[in-house]
Every structure is written in C-alpha cells, then in structure tokens.
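Look at the two complexes coming up: chain A is in both, with chain B in one and chain C in the other.
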Partner chain A sequence: MLGALLVTLWAAAPAAAQDYESLNRTDQLARLDPGSRSAIESILDSARASGLPTEPLLSKTLEGISKRADNRRIVSKVREVYVALREARLALGANASKDELSAAAGALQAGVPATMLARFRSAHAKSVTVPLVVLADLITRGVPRDTASNTIMQLWQGGAADGDFLGLWRGVERDIVSGAPPAMALMQRAREYPLRAPPAGRAPGNPPQPETTSP
Partner chain B sequence: MSEQELHPNVEWIAREARRPVVLGAGARERLLDAIREEPLPERPSRVEWFTGRRRVALSPLVGAALAAGLVGIGVLAGRFSNDDGRDRDDRTAVGQPETVATAPSGQLPSNTDTVRVLKFVLVAPQAASVSVVGDFNGWDAKATMMTKTRTGGTWSVTMRIPAGRHLYAFVVDGKQWMADPSAPLAPDDGFGTPNSVALVGGSSS
Partner chain C sequence: MPLRKPYAALSLALSLLAPRGAALAQVASQVEAGASLTTRDAVVPASVFTVTPGLSYSGEYGSVSARGAMWYADQQWQLADGALHGTLVSPTIYGVRAELLGNASRAFYDRELQNDQVDLQTRIHLLLKEKGGIWIGGGLARPWRVAVASSVDVRGGGAWTTLYGATVSGNFTNFYFTKVAQSTDTAESAQFCGASTAIAPANLARIASFSREAPRTDCHRQSQFSDLEASVHYAVKFLEITAQSGMRFGSAFDVGVSSRHWAAGTATAWLNDRVAAIAGGGRQPSNPARGLPARNYFSLGMMLAYWPIPKGTVPVEPITASVRSFDAHALKSGDVRITLRVGGVERVELMGDFTDWSALVMTRRGRDLWEITVPMNLGVHQINVRLDDGPWLPPPGMPTRKDGFNGEVGMLVVNP
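Up next, the complex of A and B:
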C-alpha cells in the first residue's frame, strides 16, 4: 500500500514539473485586441528574424495581460524590452547567452549605460548575468547609478565570483532594510570583498566586435 | 518415621500446635479496627500509569522484529529527508521570501541540468491564498498556488524550472502583487508592480 503510494507520488512529480512546458502561451495573446496582438506578433517576428530571444518579449506580454494592463501600454513595454535586448546584444556581442541578454536588458532599463555593459564584457569572458542582475537590483533599491555601476565593475574586474555578488547583494539589502542609505550600504559592504586577480579570459580593453543588425 | 518414635518434646510441640486457638472476646473487632485505620494506598493517576516504570517481557524473536521495524522506519524517514534536502540544494536561487529563499544559496550550481527544483516561500500570515507567477508559468495567477504550513503563516511551493534568469512575483489573495522580499528586484516592470529575479543554476550563461 505504502509502496504503491510512493510510486504514484514519484511518477506524479515529473508530470507536474512539465506543466510550464505544456502552456500554450501564444493562445493567451488572443486576449489582446486585434491591433495590439498584431503589433506584438510583429515585434516577436522581428526578434526572431534578428536572432534575439523571444521569451522575454512573450513573457512581458503575458505579464501585462495578467496584470490587466492597458493593451497599448503592453505593446509599448514589449517594444521597450525588444529595444533593450537589441542594445544589450550590441554591447555584449553576438555570443551573449539568452540570460546575459535578459540581464543586460534589465540593467539598461534600470539606467545602466550601454558602454558600461561593454566594459563588463571586455573585462573577462565569464557570464555577466549575476553581476548585472545585482547591479540592476541595487539601482532599483536606490543606489545611485554611477556608484552602483562603478562598484560592481571594480569587483568584477577584481575577479569577484557569482557568490560574491550575491553575498554583497544580500548584505546591502539587509542594510537598506535596516535603514542605511543605499549608497553607504553598498560602499561599506563592498569593502568586505578583497579584490582578486581576474581569471584568464578575454583581455581587458578588447571589447567584442559589435554585430551588424538591421534596424 | 512413625509418631511413636517422636521425641517427647516434639510430641508436646505438635500437640500445642494442633490445639485450636481461642481468641479473646472483641479480638476480631480490634483487628478490623486496626485494618480500617491503615491509610488506603493511593491509586496512580493516568499519567503515572503511562510514565511509571514497569517491566516488559519480550521474547528474543519479538524484540528482533521490533528492532527491524524501527530500522525500516529510520531508512524511510531518511529517504524523505534527503529528498527535501535535495530540493533545497537545487534551489539555486536567489530568491525566495523568507526562506530559504531565503535562502538563496547564492551559489549557482555547476552542474548542467537544464531543469532545477526551486522552492518559493513567502511569509504572509493574514493571506487567504498565495500564488507564484512568472515567466515559467505564463504569469498565470491560478497556475501555481502555494500551500500554507500548519503553523505560522508561511506559504511555499516547489517547482521544477528551467535553468536561467527568471522574473516572478507573488499574488496574495488573488489581487495583491508583490515582489519576493528575499530576492533581487527587477527593474520597473512598466505595469506598476515590482517583480523579482530568480537565478536558477545550470544555465547556459
């Protein structure tokens, strides 16, 4: 009896896990008015044609629908994400992963200049996803853009690992919640991370060649 | 040995022993009074009955069977416990409200599995329902309902999610959107409610 129950539970777990894969998300676009749906599909086609990931665009669309946003606003925000993805790829290079592009697009939307993204990529070749996610969070929490960008860049160039950035983020977040000024919290927490020699990778000052994309 | 051979003294003792005892008048009453004066022994309470020491006799066979049963229970409990632990380890995230997610372990696992287990946790004692929404479930507020622990107001749900960067939020009571307090914030969503970022390890990034 118990064995049968365990087998049943064991078998049910993977099935539940695949739910997200079985979602027919494009059907949900039908909830948009025809004009907005057409505009979204046009943006998706453009992204596909230029090799950009479409998931962030579709996700933004569904997010807007779920939050009952105005259709025109949804189209506007999806277009913003598309533009940010394009700009992110120009800054990070054609080999940037989907996660890197999404994180970079988020950083751009938070106010990080594209030139800063290019500096992240040129510093070394490992994934910029985590430092850019942390950078966007810090700016969103009130750390001045330049302070956040320069501090994260220093740590990045100093060889900080993903765990270092996440640890830094946790500390700063705690300090801000406790009442510390955001910039002060970041500066003090950043001192806890000794700079290390950057790992071998792309040499600094050798940024990726910008790709040529159709407008 | 016959009676005729007994020593005279022994015969005298035997005769005395066989002679009926004659009690004085009132002896029976005095005896009963003395018994009545003795305090009654206290009856043990139910708690004492359960907690009091007593001897239990078991045959070696029954004892061995009980021991084997206990070992079996321990093994099963260990398996369930390990499963839970695996979930926590796999949650790579940065993100979960109280949690563990708290506990975001912060470290992106190095293995290359493309789907990982992520546990979302939110402390919301006053909430009647909580769901998690994100790019992994089409932002459907009814797709992934969280369950409340028996004690406290902690809501949680465990999901298998593709590795990578994900945006998500919680929906409390079907209408109030909120970011995960224990995860990095995403930049303005453009729709007036904040989102969080989950970094699920093993991505291609």
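Up next, the complex of A and C:
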C-alpha cells in the first residue's frame, strides 16, 4: 500500500513541478498591465491551439518585463516572435524541435528568407539550431544577408558540424573586431574549410574583392 | 628587465578616486606586507619585513602603475624598491597592436647596493586567433649609480598561448651595453682589462659618480648576454599560481655561474574577494646592467586589495570589453557552472531564459573571477550579464541576437 502510494507520488512529482513552474511563470505576467496581459495570454492561447511551443513566447515576455520594457513594446515583440515561430514551423516542418524553431524564428527576424530555412531542413535531418544561430548573428554583425545565407548553407550541405560553425563564428567575430569588413571576414574564414566553402566570388551577394595595387 | 619582487605581502585597502568619464578604465589599489628572507653568495642571509603600497590605472589606450616598498631591517624603516610603469597601446588592426612602454624604477638590495633606471621600449604584438600571440620589440635602458658607461640596448621577442586554462609564455631578451669592468671582478676581467686601453678621461668623472671610490684598474668592455625565460600562469577558482624559469647565455665575463639558470614561483590563494595569502620563492638571476647580484628568496605574506568603481561615471565604451572571458561547463549533476573574468566591478549579475529572466547575483572567487552554478538543459540558451547595475549585455565569445528591447542577448550553446 505504502509502496503504491510512493510510486504514485514519484510519478506525479514531475508533472506537479511543471505545473508549479508554469503557474509561477504565469504569475509573473501579473506585472503587466491588464490589457497587455490579456494580449499576451491571447497570443499564448493561439500558440497552444496551433501546436506551437509557448515557452519562447513566455520567455520573451519575461525578458521584456525584467528589462523594464514598455508593455506595448513587449506585446509587440511577443507577437513578432509568435509570427516568426509560425513561419519557422512551416519552413522546418512539424517535427522541428523547440530549439530549432526558436533559432529559425531568430533567423527570420534577422532577415533570412523562409525559403532558405526550408533548404536547410531539406539538406540535413540533423538539428539546424546552431547554424541558424550563427547565421542570424552574422547578419546582425553586418554580413550581407545573401552572402551569409549562402556561405552557411554551403558549409551545412558540406556536412559541417556545430563546432565548425561556432569556430567559424569566432574567427569572423575576431576579424570584424580587428577592423575587417564583415563580408570579407566571413568569406576568408569560410575558406579555412576548403572542402566545404563556396568558391570565392561565386556566391550571390559576394562582396567585390579588394583592388590590389602595386607598391 | 623587470625585477621580480622578492617579497610578498600583507595589505590594506585604499580608497582611490578615478577620473570621470572613464568607466571602462580600472583603478586598483593594494597594500602588501610580509616577511622575506634573501640570501646571496658570500653574504649573510637577511630577513626583512616589507610594506608595499601600490596602485594602477588601466584605460583603453594605456595604463599607469606605481608601487613602492618600505623595508624594516636593522631596527629602522628604509625606503626600498619603487617602480613607475606606463604603457601606451594602439588600437588593434588585423590582429596587430603597437605598444610603447616606459619604466622608472629603483632597486634596493642593501645600503651599498642600490641604483635607479629608466627605460623605454616599443613592441609590436601579433595576436594569433584568441589563444595566443607573438611580439617583437626593443628599446633603451639608462641605469644610474652603477658602473655602466652606456645605455643598455634591449631587444627581444616572445610568444604566448593558453593551454588547458593556463597561460604559457616564452621570451627571449638580449641586453647589450658598455660595462665599466674592474680587473678585480674576475679572472677574465683581469686578463681583459690588462690588455685593454685605459678609461677615457671624460668617463673617469662619470665613473667616480657611480661609486664612492673610482677604481684605478677599470676598463671599458662591450657586454652582451641573452635571457631565455618561460613562465606559466594558472588561475583556478581561488588559486593563482605563477612559475617561471630561465637560462642566460653569454660569455663567462658577463654571465656568472650563479645566473646561468634560475626558477621561481608564486602562489596566491584568495581567502575572499579582498584578502589573499601569498607565498613565493626561488632564484633571482643577477642583473649585470644594474650591477645587482643573483640571490635566492623566500617570502610569505598577506594581501588586501581593493578595486573601487566610482559612481556616476559615464561609460565611454561598451563595458563588455572588460569581460575578458566567459565559460560554461556542464556538470554531471545536470547543472552548468558559469564563470567569467572581469576586473574592476563590484557586482555581476546574470539572467537568461534558464532563470526565467530573473537576475542572479554571481559570486566573486578571487581577484577577477565570478562564478555561479545554475540548472540548465543542454541546447541553446539566451543569456545576459550585467556589471554594476549597468545595461544587460551579451557575454563575450558567443553569437548574439537582438532582443527587441534595444539590446542584445548572447546565444549560449551548452553541450554535454
């Protein structure tokens, strides 16, 4: 009898903890004004109804609250994330993980077209999370969208691993900080993966090569 | 060649004022005190009690530091070693950076053995990726109150890298100068001086000013020697360890047997964020350019340090520049230990999607190490850090994303 009770409690504990966590997070929405809270809850309901993860939306809400953002701005940003998540799932498919959807939503918000996301998914079944995180960052740092998208895509198609993308990002970031033009930095660093990088100057949006002058 | 301090310290905090508008700049102060035992060949071992205040200012384009030492020996206090250092740093372009270094220092071994020196050097650094670099440089040093009749030409180069969390460096330095040798110095000196010309009259007065008794059997000699030195610095949690070892190359005239090889080490254990215990010891080579002999030392002491951050200053640069490193390490417990190194701040907070964007205060572990352990699933997480109630910023070393609230978040990838 006691054993059965313990087993029941053990089984129920995670669900109870999750409920408590969810309740605790929802309670934090009370820090929003009633209108904004209602708007956020409406977006969360829509996400649940369409089978999208609500965690990125709730996370964006809590982030905005913690950063003391204006309530209307928080609602606006959460709505943007919702739309991006919906578009990301269309591009990546229903089996995409929460992390993948969140990364894809970030890439869409950075300007990556949805068709490119679909190409990432069709090229490989493995997680697209890290390549898309790196891609969104590169665009944010000033690499032209097409240059960044095509370079990362070529590496992805070539079988680059998460570590390769993070290594590429480190190199590019360092070069940009050192004064290199962002597009040039990416193209040069990508050549460190000779079997994977696109041929120089052939990727759409590739920046013109610097003119060389004789001394 | 910088003198290794042959003592450690017990310290006191100092309050300092920092210039307005320089939040990126860091001001640090400390007072060290401790006991030191030194031995030299053919000299009675000496133990002294030392008190050493010091302060430094580091900005974006340079730094200045000063420190002095008071020694208590023979039942009286003496103003002993002192040094003033300044560095100007150029912006880094394509991994290349230039530095101009100037030093003025006073070395004090005892009442009969002390002198002063100013030196100026330039260096070119080439940063190789983020885990190493090489440099070459050269300059001049001008010692006083020592029998060196010329400036000391200093040329050298070195390389550094990080291995398993430790910083490893190797340096090669060549010293070239005209020495006023005495035939009584060594057998080689006697032979050399016996065959050489006498000192030029113009230099006699100068030599007389170097020493109380100008020797009559002096001669000029072009001296040259080279040092090859390797050092390791390892900081883990509250412990910092520095070890160095070196070899000296040169003729028997310039390099005595006692300075052909040397090694030394220092361990600093931070008891809390202000107090540290220090122990050090080893062999310090001679410095022929300054007439200082080799010696052994052992020291034990305490240090109290203080890094005040003035309120109301306006950052002139993103303060993330001062976060030197960020590391996240997944533990077997399922938690992730996050550490970052940032100096000159009083408070570091962290938040992210894994904390439901609630700010957590990180714990200081030593001089500039901040640590926190948080539950975090594997995968990609969004993260921000905040220094001294400043803006929320992405940590260095990871991709970022705009947060939609006029800021950015770091995208932290947690692997098993």
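Everything that follows uses one rule, which is that the second predicted complex is superposed on the first by the 172 of 215 C-alpha atoms of A that agree within 3 Å, B and C clash if a C-alpha of one lies under 4 Å from a C-alpha of the other, contacts with A are read in each partner's own complex, and residues count from 1 in each chain.
Just so we're on the same page, a contact is a pair of C-beta atoms (placed from the backbone, for glycine too) under 8 Å apart; a residue touches a chain by one contact, two chains touch by 3 or more.
Small disclaimer: the values here were computed from a predicted structure and weren't measured.
A.B. asks: Clash or fit: chain B and chain C on chain A?
C.D. replies: clash
A.B. asks: Contacts for A:125 in the overlay, against chain B (first) and chain C (second): which applies, first, second, both or neither?
C.D. replies: neither
A.B. asks: What is the contact status of A:178 with respect to chain B (first) and chain C (second): first, second, both, or neither?
C.D. replies: The second partner, chain C, only.
A.B. asks: Residues of chain A touched: more by chain B or chain C?
C.D. replies: Chain A has more residues touched by B than by the other partner.
A.B. asks: By the touch definition at the top of the document, which applies to A:106: first (chain B), second (chain C), both, or neither?
C.D. replies: A:106: touches chain B and chain C.
A.B. asks: Between chain B (first) and chain C (second), which does A:114 come into contact with in this model arrangement: first, second, both, or neither?
C.D. replies: Neither partner.
A.B. asks: Of the two partner chains, chain B (first) and chain C (second), which one does A:162 touch, if any: first, second, both, or neither?
C.D. replies: both
A.B. asks: Pick out the shared contact residues on chain A: the ones touching chain B in one complex and chain C in the other.
C.D. replies: After superposing on chain A, chain A residues 25, 28, 55, 59-60, 62-67, 69, 73, 77, 80, 99, 102-103, 106, 109-110, 129-130, 133-134, 136-137, 140, 162, 166, 169-170 contact both chain B and chain C.
A.B. asks: Mind pulling up the chain A residues that touch chain C in the complex?
C.D. replies: The touching residues are 24-25, 28, 55, 59-60, 62-67, 69, 73, 77, 80, 99, 102-103, 106, 109-110, 129-130, 133-134, 136-137, 140, 162, 166, 169-171, 174-175, 177-180.
A.B. asks: Tell me, which parts of chain A touch chain B in their complex?
C.D. replies: Residues 13-14, 16-20, 23, 25, 28, 55-56, 59-60, 62-67, 69, 73, 76-77, 80, 97-100, 102-103, 106-107, 109-110, 127, 129-130, 133-134, 136-137, 139-141, 162-163, 166-167, 169-170.
A.B. asks: Within their complex, state which residues of chain C touch chain A.
C.D. replies: Residues in contact with chain A: 92-95, 127, 129-130, 351, 353, 356-359, 379-380, 382, 392, 397, 399-405, 407-409, 411, 413, 415.
A.B. asks: Hey, which residues of chain B end up touching chain A in the complex?
C.D. replies: Going by the criterion above, the answer is residues 94, 104, 106-108, 115, 133, 135-141, 143, 159-162, 164-165, 167, 177, 184-193, 195, 197, 199, 203-205.
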